[in-house]
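These are the structures, in structure tokens.
Look at the two complexes coming up: subunit A is in both, with subunit B in one and subunit C in the other.
Then we have the complex of A and B:
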């Protein structure tokens, strides 16, 4: 009896197999849509974003600009008005809302240059960084503290007080020199030069001094 | 007889095929932490700027605060009822299940850190993973005599007009130098000397 039913079922086996195959084929239609994930994975993005390596300090940047380092491009992600008012030398303006426009992809997605984002602080620059990093762009950096820190450290460095270490004084003098490079003038600088000039005038020794100075400068 | 053998082979092959498919389906694992939103849509939302939340809005009932600072700082002091979730760990399974739960119960998740910049990265990550109930609290956390103080800050506010500052400095230095010239106007030769001195400086550079 059992044998008989088994035989009966077995006689249908090709039909059953065919039915399963058809069902599987039908299942393909029901499969959830495959979302294509462009760029890097979220875990990777998070670990990249947390790493402090992606920041560049204002001092480092000032050094690069003054030494005419050709290996980087500056991207200003603020709006056009602030860019036109003040911007770092040779910076390119890409307002945040236009960041992913086709026109700018060539600047951001390349291997030749370091891309340094900056904004007033590093808030918008970070956002730009995250979006570009997610797309897998290489060599992206963010100016730590942005233009505000640029102002407080490079353009208008605070004078160290007497209790501070010599390193502070050295840092201050380099920053002050850098600020002069970026167009800031110091009244005390000018008066110091003037007073130096004024003192030796009546003696007419100046010409000798001049020659001495010239030689030294030529050596440079 | 020959035909029977052929049929047998076909049936074996199809059974194996079905088995392979079934095994494939059973062992399939969805990749974790998939992005739900592409970069363009994320950017649109960021431009809208409505993800920011002011400090005086956090007393509403549907709000859950998330502290993304380190555990040490969290224990030192935190806002009332905040959950600690250091930013490197926001993608862990445990924390993700918390976020999914909060999203399902229609609560607004408000992230804060030491500065809005610190909370920015976790916020962006979560938003891109599809948690559109996430907001960013624009406060600075600092301590005053061991008491936690939360100050509202304006994000990306320029602290100074640099162009004006530079112009001003140039103007100041010019005016001060003219003052000196006026003080000693008599020896005009000095001025020529000064010019000569200045020239080699420029050439040397």
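Then we have the complex of A and C:
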């Protein structure tokens, strides 16, 4: 008896299969569409954003530059005028509105260097950081305080007052030495032969290997 | 998440190994379903056996439905999949040559190699013919180049060129598939049975 019913059902097997196929295809049409989110998950973005590791301090950066650390690229996200006016040595200028251009993707989306964003403050640099981090780019940093803090701490460090601790004095002397590296002259250091110190630093050419990104290939 | 290899979930070095594995499976299934017989393949054109049409139509429908469900659920990104580039006239001329060869020889390139493996003489001749064709093509490449490289339209799909909704195309495609199965069954019943 059971065999008979099974046989009866199975005699319609092709019709049933065809129906399943059409129903599944129809399901795709009927399913509610939603906007797909690109890039990393929002939880991941949030945890990256609140992590203090994404900032680099001006002192750390000065140390890296002075020691000729080859492991990072500086990216100036201000507009071109500000960049031409003053920028950090060997920085690349990628204005914020051009950040996601195809030409610059090779610099931002790679695993070779750390990318350090900066702007006048860290406001625009943070925006650049969020945009790139959301796309899943790796090794992104923001210069804490930007050019302004760079100026007040490295280029023109405030002299500690007499009541301050020894650490403050040590920090001041380090910063002062750093500022001399970046071409600042102090009256007590000035001598006659130093007067041609203001030679422009030769621009280092940063070559970035494009991340291996191979399109899928196929064929019959 | 997917596709697995471009997104680095499976490293790129594995792709040849996976390709060989899939190729062996494909060849095995082709042979075990009788597709290494030129009579079965030519049957589509004479109307006594529609297995080829059914198999490939089903494969296309099932995979496209599966891919779009996976895309919908976020397991696979359709935009990252490989789309074969379109060289318009090259595709048309090549399609005609391939079609003629298919009817005349009873093999498509894949099944001919399958049949070579089980020692069919006509397949050996067929593959020899392919080799001769490849040789002639490469010798006269400079002459064929304008057709081969010309009319490049990029990696386009119907959705790009006509701005159609993929879901409706899939639905229409499945309906066409089902109708084609029904019609081919009707045709097969009318055509004289051939045993081979």
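In this section, the second predicted complex is superposed on the first by the 161 of 220 C-alpha atoms of A that agree within 3 Å, B and C clash if a C-alpha of one lies under 4 Å from a C-alpha of the other, contacts with A are read in each partner's own complex, and residues count from 1 in each chain.
Please note the rule applied: contacts are C-beta pairs under 8 Å (C-beta built on N, C-alpha and C of every residue); 3 or more make two chains touch, one makes a residue touch a chain.
The structure presented is a predicted model; accordingly, all values stated were derived computationally and were not measured.
Peer 1: Report for A:43: first if it touches subunit B alone, second if subunit C alone, otherwise both or neither.
Peer 2: After superposition on chain A, A:43 lies in contact with subunit B alone.
Peer 1: Using the touch definition from the top, say if A:99 reaches subunit B (first), subunit C (second), both or neither.
Peer 2: first
Peer 1: Looking at the overlay, what does A:28 touch: subunit B (first), subunit C (second), both, or neither?
Peer 2: In the superposition, A:28 touches subunit C alone.
Peer 1: Quick one: name whichever of subunit B and subunit C touches more residues of subunit A.
Peer 2: Touching more of subunit A: B.
Peer 1: So in the superposed three-chain picture, is A:119 touching just subunit B, just subunit C, both, or none of them (first/second/both/neither)?
Peer 2: first
Peer 1: Considering only touches as defined above, state whether A:185 meets subunit B (first), subunit C (second), both or neither.
Peer 2: first
Peer 1: Quick check on the output: what are the common subunit A residues between the subunit B footprint and the subunit C footprint?
Peer 2: 14, 18, 21, 24, 213-214, 217-218, 220
Peer 1: Give the list of subunit B residues in touch with subunit A in this complex.
Peer 2: Per the stated touch rule, the residues are 7, 11, 14-15, 17-18, 21, 31, 33-35, 38-40, 42-44, 46-47, 87-88, 90-91, 116-117, 120-121, 124-125, 128-129, 155-163, 165-166, 169-170, 172-174, 176-177, 180, 184, 187, 189-190, 193-194, 196-197, 200-201, 203-204.
Peer 1: Subunit A touches which residues of subunit C in the complex?
Peer 2: Subunit C residues touching subunit A: 3, 5-6, 12, 61-62, 65, 68-69, 72, 74, 80-82, 84, 109-110, 167-168, 170-171, 173-175, 177-178, 181-182.
Peer 1: Using the touch rule from the top, collect the residues of subunit A that touch subunit B in their complex.
Peer 2: Spelled out, the residues of subunit A in touch with subunit B are 13-14, 17-18, 20-21, 24, 35, 37-39, 41-43, 45-47, 49-50, 78, 82, 85-86, 96-97, 99-100, 119-124, 126-127, 130-131, 134-135, 146-148, 150-152, 155-156, 182-187, 189-191, 194-195, 197-198, 201, 206, 210, 213-214, 217-218, 220.
Peer 1: Going by the contact rule set out above, which residues of subunit A touch subunit C in the complex?
Peer 2: That would be residues 14, 18, 21-22, 24-26, 28-29, 31, 36, 212-220 of subunit A.
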